[in-house]
Every structure is written in structure tokens, then in C-alpha cells.
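In the two assemblies presented below, subunit A is common to both, partnered first by subunit B and then by subunit C.
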Partner chain A sequence: MSGSTAKRNPSDFLKQVLGRPVVVKLNNGTDYRGTLACLDGYMNIAMEQTEEYVDGKLKAKYGDAFLRGNNVLYICAQKTVKK
Partner chain B sequence: MHRTDDNALVLQPDESLTREQGGTRLWFNGSDEGQGSLYITSQRVVWLSSDDRDKGMAFDYPVIILHAISRDPQAFPQPCIYCQLKADRPPAAAAAAGEEEEGGEGDDFDALNEMRFIPQDETCLDDLFRAMSEMAALHPDPDMLQEGGPDDDDTLFVNPHNGWNPPEAEEGAMDDAEEDEDEEGGYEDDDEAEGEGEGASGAEGDEGSGVAHNGGGDRHMAP
Partner chain C sequence: MDTSQVEVPLDLIRLSLDEKVYVKCKGDRELTGKLHAFDQHLNMVLEAVEETVKTTYVDETDGEERVKRTKRTMEMLFVRGDSVILVSPPVRTHQS
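Presenting the complex of A and B:
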């Protein structure tokens, strides 16, 4: 856990990544990369400039996308924007 | 599909119409279902064919895994609302599958239905998307409620500009959660935390990288 001095929690993390590039993985294995626009307590997720990756391959792009929370496996911040 | 004499959707008793979009073509699993009207209601997304009074489709929000605005001509020639639907499966299988982290990886998600709503007037895409987002957010899955989904008044997060506005995050929510480098994230389930509880998230905290998991919740962290 490099460089982190204060305690942080999931809520802080999620607030911090709003507006930033994230990867969202669904239970079915599909990855969505895009800007996290919005998130609620059910982990419903709205993203912008979303790219859909199936088996690591770019499959589609969406302007805005809404992912139902119950299908979300995790949200992960992208350290750097991929290519 | 129930419709009135003038071809409008007949609403259910507890249903209200959020948005109607005439002149909307439906593609379902790659086949063109023709022109029709799209209805976004408090309970369902419904499409009624203009050509055939007996033809229509209705979808409850929980089956819509994803909806999105598609403007990529490589994906589809016209701008449209793209949806992925959970495939039908027996209720028993649905109940058994599940909330466990890895539970979704199985054959239960193999089949996927896709559909596209293509309105003649593409300027309404944002409004349609927003309406669907708002309605979808009002329909969490029943199993998430049981599992300790958030109360209406707590959490979360903010947002910029796309019009879907969950309640503001409360300061101090989930203060008890600690960082956890574990890849599986730190599920927090502390009564004192006013955050979303186990149903919603855990996190790996690090500047610029982290993970927030959903579901599961069997792992509890010591405060």
C-alpha cells in the first residue's frame, strides 16, 4: 500500500474515482472502461465514453452506459488511461 | 401486448409512464422488428409494434443488465439505445446463482440477449437514456434488498452531469473500514458505519488504483 498515509475506506475511494477512468467488471466477465460518472448504493454505475471489452478485446463503444449494480463484480481505478 | 384502441400502451395499475418515444425501431438479437413506439414506464420498458397490433415486447428493469447510448457507426449504423438483457433462466437457478463473488461465472450468464432501440429522432437519445437510468435505479433486485442494500438516506455519490442523481454521500460513512491490500477487497459490515454495508462495496485503497467489490459480503473485516 504505497504512499498512503491516512486511513481510507471504500466510500472515500468511490468518491475519489468519480470523474476518473475506471474499469468495471461484470459477473459475466465483461470489462467496461470509461469515466465513472455516477454511482449509487446498489452499485448501479453510470459511465461515459465507455468501452466494452469481452475476453480482452474491444467490442463496442458507448457514449453513456448504465450498468445494473447487481451484475457488478468490482470497480477498479485505472492507473493510467490505456492507450 | 395490451394496447388501447388507438395503439397506446395500457398501463398496469401501479405503473406510470415516464417517457414515450414514437417512431422507434427495435432490433432484437440481430433481427429487425420494425417500427414501433417505445414506452419507458415506472415498471417496465415496453415496445409496441406499429405494424402488428399483436406484436410487442416488455422488459422489467432487473433483466436489463446494461443500457447505453450507442453512437459508434461501427457497432450500429444509426445512433440508438443499446441494451443487454439477462437471459431467461429458471427461478431455482437464479436463486442458487449468485451473490458470491465468483458466483456469476458459470453457465448462467452464457446466453445474452441484445436489443437496440433506434428512434427516428436521435436527439432524444440522452433523454431516453436518462429516463431508463432513473427508472432502473428505482428497481434494485430483491435479493440485494435482503442482503443489506442501502437505506434510501445513506450513501452515495455525487455526480456530475448526466442527470441521474443518487443521494449525496454522507461524510463519515463507513469510517471504520480500513484499507486492505487483499485482492478481494475489504468488505465492511460494521453496524456503526452508515454506509451501504456489505451489499455495496469494499475497496483497495491506493492512490490511483483500487478495487471496490460488490456482492459477497461473507468476509467481514475487523474494524
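Presenting the complex of A and C:
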């Protein structure tokens, strides 16, 4: 196993990516890029500075956005720029 | 908006109570209206709602696919939570 210590589960990953830039893909194929503000057990997601991409094209921007968990396909952590 | 007091995603909705919100629903429907009430399922009651429905059709003249936007307004609307995809305060910039 690469990276950190022993037992890790999906929740640990999600805690780790809080406040970080993420890509959230929905079941309908839409991508949302923004900062992960918080999420709950249903995988409801609150994001900040969200950009909506449909077929790879930027369609809309939202200051804050709530995504209903049942639509979420995956959450992908973006690489942060090293300082 | 101050999101420092947002600890669970539903707090974001709570902060939007009595404010105008934008709701993206399944079936290419968009709603804007004042949020009166909501619950944990995202069932919502909206006031002074404008609904925009996007439908694609084939233009007979050139065979191209086009998008038609149909709008209608409603005084008061109950939205069943399972059709909700996204909720946002409507301060946003839309690009075509």
C-alpha cells in the first residue's frame, strides 16, 4: 500500500478531501468542479465556487451549490498546487 | 454567503430559507423561487416559481437538433425531493 498508515476507509478519504478542490460526477454525466465544503451520510454535498460541466463544456457557475446525494457517482480529489 | 456555519450540506439550504433559490431537477427542469420550507428528503415548497423546461427537437428545415425552453410561472409549488439534483442561491453566472 502506498501512502499513509494502516486501515483506511472511504470515510477517511472523504474527511481528508474536505475543503479541497474536487470533481463530483453525477449519474447523468454532469461534472461539478469546486471546493468541497461538507457532506453527510447520504453523500449530499455542499460545494463552493462550483463550475458545472456538461459534455466537458462549462455551462454554469454557482457560488454555493447543494448536490443531492442520490445523484452522485463519484468524488474525485484534485491535486493541490504545491507551495 | 457566509458558509462558516455550514456543517452539514442541508445547512446550506437552511441558510436559503425565505431567499430566492435555483433548483435543478430531473427531466431538464429548472426552478427559481422563494424557498418557504424543505425537509431532509429535499421536498420543498417554493413561492413565485418560474419553471424552465428544456426540450430537444429536430428542426424540420435543416434536420438539426435544437433546444426549446418553455417557461411557466406558479404561485406556490411543492417539489418532491427525489427529483432534485442541485440547489443553489441564484447568484450565479450562466453561460450558454
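To be clear about the criterion, the second predicted complex is superposed on the first by the 72 of 83 C-alpha atoms of A that agree within 3 Å, B and C clash if a C-alpha of one lies under 4 Å from a C-alpha of the other, contacts with A are read in each partner's own complex, and residues count from 1 in each chain.
Note that in this section a residue touches a chain if its C-beta (ideal position, glycine included) is under 8 Å from a C-beta of that chain, and two chains touch if they have at least 3 such contacts.
Note that the structure is a prediction, hence the values are computed from the model and not measured.
Check whether A:29 is in contact with subunit B, with subunit C, with both or with neither, and answer first, second, both or neither.
Only subunit B; A:29 stays clear of subunit C.
Which holds for A:8: it touches subunit B only (first), subunit C only (second), both, or neither?
Only subunit B; A:8 stays clear of subunit C.
Considering only touches as defined above, state whether A:55 meets subunit B (first), subunit C (second), both or neither.
It touches nothing on subunit B or subunit C.
According to the contact criterion defined above, which of subunit B and subunit C contacts more residues of subunit A?
Partner touching more subunit A residues in the overlay: B.
When the two structures are overlaid on chain A, which partner does A:37 contact: first (subunit B), second (subunit C), both, or neither?
both
Looking at A:65 after the superposition, I want to know if it touches subunit B, subunit C, both of them or none. Which is it: first, second, both, neither?
A:65: touches subunit B and subunit C.
Just checking: does A:75 make contact with subunit B only, subunit C only, both, or neither of them? Give me first, second, both or neither.
first
Between subunit B and subunit C, whom does A:17 touch in the aligned arrangement: first, second, both, or neither?
first
For A:46 in the superposed arrangement: first (subunit B), second (subunit C), both or neither?
both
Looking at subunit A, which of its residues have contacts with both subunit B and subunit C?
26, 28, 37-40, 44, 46, 48, 50, 60-68, 70-71
Which residues of subunit B touch subunit A once you look at their complex with the stated criterion?
Residue positions touching the partner: 61-62, 64-72, 75, 82, 86, 101, 103-105, 109, 112, 126, 129, 132-133, 136-137, 140-141, 143-144, 149-150, 154-162, 164-167, 169, 173-179, 181, 185-186, 188, 195-196, 199-215.
Across the complex, what residues on subunit A touch subunit C?
The touching residues are 26, 28, 37-40, 44-46, 48, 50, 58-68, 70-71.
Provide the residue numbers of subunit C that touch subunit A in the complex, in ascending order.
1, 3, 6-13, 22, 42, 81-82, 84-89, 91-95
Touching subunit B in the complex: which residues of subunit A?
It is residues 1-4, 7-15, 17-19, 26-29, 37-44, 46, 48, 50, 60-79 of subunit A that touch subunit B.
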